[in-house]
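Multiple structures follow.
In the two complexes below, chain A is the common chain; its partner is chain B in one and chain C in the other.
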Partner chain A sequence: MKRKQQLLTLPGVLVLAIFAILPLLIMFVYSFQSDSGAAGVTLENYARFFTKSLYLKLTYRTITSSIAVTAISLAISYPLAYFMAKKFKGMKNILMILVIIPFFTNQLVRVYSWLIFLQDGGVLNKFLQTIGIVSGDLELLFTQKAVVIGLVHAFFPYMVVTIYLALERVDNSLLEASRSLGAGPFTTFRNIVLPLSMPGVVTGIMIVFVPCLGTFVEPRILGGVRGTVIGTVIEDQFFEIFGWNFGAAIAFVLFALVVLSMAGLSHAGRRFENE
Partner chain B sequence: MRVKKWLGVLVALTMLLSLAACGGSGGDDGIATLTIVNWKDYGTDDPDFIKVFEEENNCKIVHVYMSSEEELLTKLKTAKDGEIDVVLPNCTILPAAIENGLLLELDTGKIPNFGLMYERFKTQEECFKDGKMYSIPWVWGSTAIAYNTNDFPEAPASVGVLFDPAYTGKIAIRDDYNDAVMLAAIALGQDPNNPDDLEAVKAKLIEQKPLNKTYWKTGDEFSKLFAGNQVSVALMWSGQAAFMKQEGEPIGFVIPKDGAIGWVDTWGIARGSANQELAYKFLDTMISENFQYDWASAGGPAPVNSAAGDRIDPEYAAASGMDEISLNRLYFMQYRTDDVKKTWNELWTEVKAE
Partner chain C sequence: MKTTRFTNPIPSLYALLMLAYLYTPILVLMAMGFNESRYNTLPFRFSLKWYGALAQNRVLLKAAGNSLLLALVTAAICVVLATAFVLGAKTLGRRSEALAQNLIMMPMSIPWLILALSMLLLIRFLAMDKSLFFVTAGHVVISLPYAMLALQARIKVLDPALEEMSASLGAGPLTTFRRITLPALAPAIAAGGFLAFMISFDNFAISYFLIPAGTSTLPIEIQSSIKFGFTPEINAISTLIIGISLLCLLAAGLIMRSSLEHMLGRKDT
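Here is the complex of A and B:
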């Protein structure tokens, strides 16, 4: 019986192996190959990445903006998920649909919408002029801020969903018990709700931060001349100059970074739970 | 047991599919098949043209589409003999195709319309190796200056307009290492195909950077920026500018006196082609006066056939940068080795990361 059950997982494992792990391995091999076509293993692609300040600078810029996107997403998502799970349960479905809409929108359509919305003389600019907050041009589009706005919009729904699921599981009788024992709302939140929702927060952070590191569409279109990030460099390597080897090497440096940050996060998450 | 049954079905399906594939490549009724590798919607897949050519030559045209120049090379390298007949390499990739022995040496005597070609295309450097010709130019175009006619009553006279602080925030050059390096080289008076002072090129581009509203990448992106009045002067493709003008946008296009970037697409015959006579006939038709005139005047790229060029409305030709004055101002993009591409790309990344 047990063997049969294990057999059932076989198709899934096979699909993963063929379509996810094998391509990764192929790219990994590429990253150790020389552009000159010489046979054998070389570290030249990785050496190029770590010796040119250019690529380190762009990686640093990518990490800081990804952290900003993740932090802002968290600030928006937590209260929203909290109210959906614990306060306005009646509006839960409507809110969820509103949150999930960007999910269903084509990436390019979404980015172009922001382009039109944020541009000088665009909808937002006109509105802020009318209510007297801004006098001239907004000068928001084609800056790092515009990229962060676009990315938060693209990724925060993931975070709302993971935090919501964690909060939903928090037993309401615990909250009642806390209240009946004389704890104020803040104490209850800090000592019960927050620790119990931590797994959702950690997953949410990962699910937003990781894809942020590799994006290139939002930075390129919304960031303008200031939009270059490590993701656009990888894109250029693959599509513009067929520098697959170097492109693969950068991708694996990012990959290592992702693994490291995930390990760090889950470690931090566990420590928080144990406290 | 059940597994065996499914295997049987699978085998049967595979056989059916391979049969269907055979039917596709080996001409039915004994008529010859001409297999063309080209971009989608790029002149040769026009149904009217296909119909006429098939009837006149008693053949069948099959298209294989490519999505990049590199893919064309790969297709040529991996195709079996007789699988591909004619291909459309750009001049930037052509020397690689010739070097790898993928194209047939051409006998221009079999291409009567060759004589009508503009002189400069008859001797297009990239088409030759050791004095032998392997490919013939077909159409050309340019990447030059597009401007909003409301903001510029007269066409800008020099690429310097893209480096002029007076237009800060109104300029957009393309996010493309090749265009960027060539543009800066033109502005600096260096050879755009072999700039000798790349440091100066980089400095020039860094100096130009804050003047841009943004760097655009796709034609679609540019249309939106232009239509939304975000950009009024830009580095732009001739074809797209002509299209936007037809759509009613207040857009002008000019190849200024100090020059701009040009490109040439060429036709070659694959080494393994089994229908060489037919392939020659196709090449000849491609550069014939009628085909070239019809396509160019319907919004297509510029003709290499001088008789077709003469027939085009001079005003339209000048406005879309296809007249002879414009032609002679262009620096045509040349073949670049991987090392040059890598160096230029890194230079451009440095500019963007500034």
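Here is the complex of A and C:
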């Protein structure tokens, strides 16, 4: 009976094994084959990636812009999550729903809405002209800034949710105890609230930083030529240049980056959990 | 004694600012669907012509139909797999349960770009053609973790005594499943199906890499019209999608309030 019931896990596991694990292994094998059609195992794809300054520069840019997006998301999400958990009473459920609703609107539509909003002669441009902040064109679209604005918009609500859930678990009586023992609001925050919310912060960082590394649609739409990142290079290898094996190698470098950052972050997360 | 109630305005102002950041571009986009200008420029002149154009746009409507069908099939497969998995997983040993679980959840932490193109390489490795079978398989892989989230939250609070009682009263395993376990899991199955549906309906990366030539989904059409010049019909259909999503969300929220709250880690208040 128990044996039989254990078998129920099999279909799900098999689907993942066949359509996720096996493809990743194949990608790994392909990354060691030559695009020129020569047989045998070769390191030429990786050699090309790590010796061309262009690719290293793009890797650097992908990482720094993902860090920027994550840092900005954290900076704007934490206060919102804190206010929601500790300051608002009846409003917080409505606010939570309002933060979550955009998850359920098409991601491309949201990126596209920034394209319309930020374009020269668009709504933001006209508004800033009217109040006299800019005189001419905004020249914000098709820059790295536009990509960061769009990506923060796409990802920061996740961070609000994870931090909010962590803060919600912080017992209010702890805060009162701290206050009655004479600690100021800042001391209470630094010594009690912040450490206890760290698991939520780490999960939030993970949930924003990792998908940022792999974006390719948003950088292309909002960043244009200046938005090129690893993701767009990989896409080009598959759709424009047909250098699939080289593309597989770049994808594997990206995959390695993802695994490393996941490992680092979950290590950090476990440390905070134990404290 | 009179107490003066001083409320700090900063939290409310800050929340308003964040909501403005979150919603302004979306609202502008929705407004532009009613603007006459082809290039989304101001001044604003009200017009319904883009909705008229949308009604005529066979390609876009066909793509929307494909997305809907794909998302429904994906959601159906995901809830079956996820339900079977959570029922089986509790009989596994602690270590193999964790292993199987991490495997199912893995696609949540890998960029979809990587999963998509590795599947493209699988198709090439098998010397097969791109097909809807692989698109669906890809959608299932990325949506399954979300369906699992909903079901796991529920199975954790399910009382095992109920099933034992049912068995001790002479019900066979199938009857127990049908009469006890399934009804108890139903809200979570609905919630999980809803999440999987949304993930699939929204997905661009997997479809983009795996879809056979000549077929498309709504996100693919949206992407290509952004790429090849603006069509304000996109504003119109986006507004419709947002409106329909909100209605679904509202309906889903009303139906499955408790299981969503469990997922958010909150108890019923």
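Everything below uses one rule, namely that the second predicted complex is superposed on the first by the 247 of 275 C-alpha atoms of A that agree within 3 Å, B and C clash if a C-alpha of one lies under 4 Å from a C-alpha of the other, contacts with A are read in each partner's own complex, and residues count from 1 in each chain.
In this text, a contact is a pair of C-beta atoms (placed from the backbone, for glycine too) under 8 Å apart; a residue touches a chain by one contact, two chains touch by 3 or more.
Since this is a predicted model, take the numbers as computed values, not measurements.
Aligning the shared chain A places chain B and chain C in steric conflict.
Shared-chain residue A:W244: touches chain C; no touch with chain B.
Of the two partner chains placed around the shared chain by superposition, chain B is the only one that A:D35 touches, whereas chain C remains out of contact. Look at A:Y112: by the touch rule set out above, it reaches both chain B and chain C. Shared-chain residue A:V233: touches chain B; no touch with chain C.
Looking at the shared chain after the overlay, A:V202 reaches neither chain B nor chain C.
After overlaying the two complexes on the shared chain, residue contacts for A:G121 are found with chain B and with chain C alike.
Set side by side, chain B and chain C differ in how many residues of chain A they touch, and the one touching more is C.
Applying the stated contact rule after C-alpha superposition, one finds that A:G224 touches chain B and leaves chain C untouched. Once chain A of one complex is fitted onto chain A of the other, the partner contacts of A:L24 are limited to chain C, with no touch recorded for chain B.
Once the two complexes are overlaid on the shared chain, A:F142 sits against chain B while remaining clear of chain C. Taken together, the two complexes place residues 112, 115-116, 119, 121-122, 221 of chain A in contact with chain B and also with chain C. Residues 8, 11, 14-15, 18-19, 21-26, 28-29, 32, 40-42, 80-82, 84-85, 87-89, 91-92, 100, 103-104, 106-107, 109-115, 117-122, 124-125, 137-138, 140-141, 144, 173, 198, 201-202, 204-205, 209, 218-219, 222-223, 226-227, 234-235, 238, 241-242, 245-246, 248-249, 253, 264-266 of chain C are the ones that touch chain A when the two sit in their complex. Of all the residues in chain A, the ones that touch chain C in their complex are 1-2, 5-13, 15-24, 26-27, 30, 76, 79-80, 83-84, 87-88, 91, 95-99, 101-110, 112-117, 119, 121-123, 126, 153, 157, 161, 165, 168, 206, 210-211, 213-217, 221, 231, 234-235, 238, 244, 247-248, 251, 254-255, 258, 262.
Residues 35, 52, 54, 57-58, 61, 112, 115-116, 119-122, 142, 220-221, 224-225, 228, 232-233, 236, 240-243 of chain A touch chain B in their complex. Taken in their complex, chain B has these residues touching chain A: 70, 175-177, 209-210, 212-215, 217, 221, 224, 228-230, 338, 341-342, 345-346, 349-350, 352-353.
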